[in-house]
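One chain, subunit A, appears in both complexes that follow, with subunit B as partner in the first and subunit C in the second.
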Partner chain A sequence: MVKLTFIEPSGAEVAIEAQEGWSAMQVATSKGVEGIDAECGGSCACATCHCYVEGDVAARLPAPLDGELAMLDNVAAERRPNSRLSCQIKVTPEIEGLILRVAEVQS
Partner chain B sequence: MFVFDPYSPAIDADPFPAYRRLRDEFPCFWSPEAGMWVLSRHADIVTALNDWQTYSSAKGNLMTELPNRAGATLGTTDPPRHDRLRGLIQHAFMKRNLETLAEPIRAIAAELAAELAGRDRFDYIGDFSSKFTVRVLFAVLGLPMGDEATVREKAVLMVQSDPVTRTKGPEHIAAYEWMQAYAARIIALRRAEPCGDLISLLSSAEIDGDRLEEREVLLTITTLIMAGVESLAGFLVMFALNLADHAEARRAVVADPALLADAIEESLRYNTSAQRFRRCLTRDVTLHGETMKAGDFVCLAYGAGNRDERQFPNPDVYDIGRKPRGHLGFGGSVHACLGTAIARMAVRIGMEELHRVVPDYARVETDLPWMPSSTFRSPTRLDLVRA
Partner chain C sequence: MTSDPMVIVGAGQAGLQIAESLRSEGWEGPIRLLGDEPHPPYHRPPLSKAWLLGEAIEAQVGIRGPEFLERKGIEHVMAREVAAIDPAARSLTFEGGETLRWAGLALATGARPRGLPVPGADLDGVMALRSLDDATRLAARLAPGVRVVVIGAGFIGLEVAAAAVKRGCEVTVVEAQARIMARAVPPAISAFHTELHARHGVRILLETGVTAILGESGRVRAVATGAGELPADVVVVGIGVVAADDLARAAGIVCERGIVVDASSRTSAPGVVAAGDCTVRRLDDGTSQRLESVQNAVEQAKSAAAALMGKDRPFTATPWFWSDQYDVKLQMAGLSAGATAMVTRGDPASGRFSLWHFAGDRLIAVDTVNLAQEHMAARRILDRGMALTPDDVAAAAFDPMAAARG
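Let's turn to the complex of A and B:
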């Protein structure tokens, strides 16, 4: 299990013990974190699982692939340098402690 | 002894008691009838969906696969090829790019619903949902009108399987061949006169500078038509059935159509029309004390994961207030359904228009005839009567 923290649009922090191998989006939706719509089910096709990654760990995340970078053009909230689609972030021991601030709007 | 046979008519009609035993007693179950392992718990299915390197789609994803599809379509390739192919098509299916279709879809639904005015009893599938589905799909894919009824008939046959031989029968293969010939005709038409639509684009698309193989173009388009027509038609029936059976939910969505979106998600959880798909293992995997071998097929029973109380409390209760995020009604991860946005939009608009004309209804028969299919689940006939 890997510890992740989500910050919901309301500001509430939710700490989660995440299953390795799942995506951050799946962890969040299966634990009821608010604000992630994930309309496409994690196929990198909707841009409604937008989060901002924060904390020291963010720098250690593998860089987004081309498909994610292209889909990030479609996010509804402001796109920032630390914008990521949470369905494309895989839970591994290396990302222990990652903070994901859920974007305030998804569509 | 416990048996789980996805070809049996009893499973077509009601798989849910068997799913419960699978989840509770046999979470990693070898089914000799299916010739594959069955995973039924929500968490195990999610884990498998993420690990496409181990749970490969390249040997086919339909429980009973059609000849030659493996390796040639979205549902039957693995990344990176899958992602490149999907990249070519995905754009056309994004929600924002479908908005121009909302009014045409509403017009189709309104026209069909108007024909039900004044009728006390009707055949929901024959009079409404199947006509609506093909006309919507023809609009989405830019197919020339004229062959709708045959396309619908063949798409529905293609996805069926024979409960006795547990394979595709000659009539199913013939339907598949008809659909390929139909797709080939459309491809030739679009190559002769490209019109900027999805099929024109796919017919001449390249990946890394190479033209797609002819087999890929043909079977990808054949599968798009099949997946679109059968899945949407099947789900429209399941949704109407749920609303017919649950008066409180029906009255709520008729009074406030904005609630349809939540009801659709709950029906996708409660009884998705796409019940089971398969993967093939690329290495040995040990799960719940069983060792599955490289080369074995594994069924991901989405319909069972959606009733797993480890994820969804009171899973057998139909509750449109539930907001069941993370449901597996469209699968998930890399191979999650391409058509999620068009399916949600078409179902919502279709029911809004139907409800204007027929706001209150019940089903006529208690026992419904169910389609024989190892992958999909929906009744083949649903008569409704005004309540």
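Let's turn to the complex of A and C:
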């Protein structure tokens, strides 16, 4: 299990022991984290699973691929250098301790 | 005294979204989300993609987990079919006879696969793909060397073909039309995807009708077509869906190819709204439009929840859709039917290109292949009704992303 922390738009922190191989979006929606819509179910087609990644481990995440970058250009909330689509972040032991701040709006 | 609940029939993409949106619209009373499937609400798009490849388990395709529903005070009732609704009495009847009164009713019953009207369609091994249980049954049969015949070259049939060939099956797709995905995409995309499937070893037979499915001891053995008999261990029927509008029809609500709704998801019955695949939208010009997509389900659901709260929140965004086949992402913004001119950007041979469709001088739709960024730009351009002519788009200097920002 890999520990991830989501910060909901209200500021509430939700710490989750996540299953390896899942996406961060799947972890969040299955546990009821507020603010992630994930309309397309992880197909990288909706840009409604936007989070800002924080913490030391954020730098260790594999860089976004073209498809994700294209969607990030079109997120509803402010796009920042640490913007990611949570459906494209795979849970691996390397990201233990990652903080995902959920974007305040998704659409 | 507690109030009657808001009741939603159908716990799919649209039904769950209505429940969520009722909360954000300020409904504080009880919400009952009634579904006939034995699962929490789940995403259907992965069923013809990751699910068939064994890359996901049920909890991963769930739309929201149980904790979320609890936190939002959404009571999800599983595996119970609603048998009838009575808008005048504001009450419904479950299969089995129990009744339930409602403060407001939303119908989100989706659609069911169109049956193949030929002999043998009920043989073991002949399947459709709509539900999680369908997908699980199909996935269990896909193995190296298994002969799969897909009837119908629509999005779902072709996604199944791509997954099956990846699993080592021998795959043939049979299509009555002269090209694949003919209902939704222009010939250039049909041609591109036909090539794509051929390269991966999927055989596609066009202009080929199915006359019967042949069996042996109750199990499918072959598909009889105009092009001869095709041996088959598994047959997947993907010839479209029919709106599940029976409850509404029986209650006297206006239906035609689906429950008729306006832009705000209202039906002809006061206090009853509908959203998603079970609906057909009446447009201002009197024509009607049927969409079967995640976006439509979600947006109509948001309108429906607002309407139940007495508010108008019409769905006006440009329709969009996607289909993943192999590593190719096909995305559509707007509807290209009725186009009189088309501009191609990029070279299909490069594997990335876009088609811009115009009715006269007005841009109406854009299809992209492996160009997510142009797709998103096109959605913005179409949403804003920006004036772009075929000449503008054909110009070498045209930059869709810059145009969308402008």
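Here is the rule we go by: the second predicted complex is superposed on the first by the 107 of 107 C-alpha atoms of A that agree within 3 Å, B and C clash if a C-alpha of one lies under 4 Å from a C-alpha of the other, contacts with A are read in each partner's own complex, and residues count from 1 in each chain.
In this text, a contact is a pair of C-beta atoms (placed from the backbone, for glycine too) under 8 Å apart; a residue touches a chain by one contact, two chains touch by 3 or more.
For clarity, every value in this text was computed on a predicted model and none was experimentally measured.
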| item | value |
| --- | --- |
| Three-chain arrangement built on subunit A, subunit B and subunit C clash or fit | clash |
| Which of subunit B and subunit C A:3 touches, first, second, both or neither | neither |
| Which of subunit B and subunit C A:60 touches, first, second, both or neither | neither |
| Touching partner for A:90 - first (subunit B), second (subunit C), both, neither | first |
| First, second, both or neither for A:39, with subunit B first and subunit C second | both |
| Which of subunit B and subunit C A:80 touches, first, second, both or neither | neither |
| Footprint overlap on subunit A, where subunit B in one structure and subunit C in the other make contact | 22-23, 26, 29-30, 32, 38-43, 45-46, 67, 74 |
| Residues on subunit A engaged by subunit B in the complex (per definition of touch) | 19, 21-23, 26, 29-30, 32, 36, 38-43, 45-46, 67, 74, 87, 90, 107 |
| Contacting residues of subunit C [partner subunit A, same complex] | 43, 45-46, 49, 59-71, 294-295, 298, 322, 324, 329, 331, 371-373, 375-376, 379-380, 401 |
| Residues on subunit B engaged by subunit A in the complex (per definition of touch) | 42-43, 46-47, 49-51, 83, 86-87, 90, 93-96, 311, 325-326, 330-338, 340-341, 344 |
| In the complex, subunit A residues that touch subunit C | 22-23, 26, 29-32, 38-47, 66-67, 69-71, 73-74 |
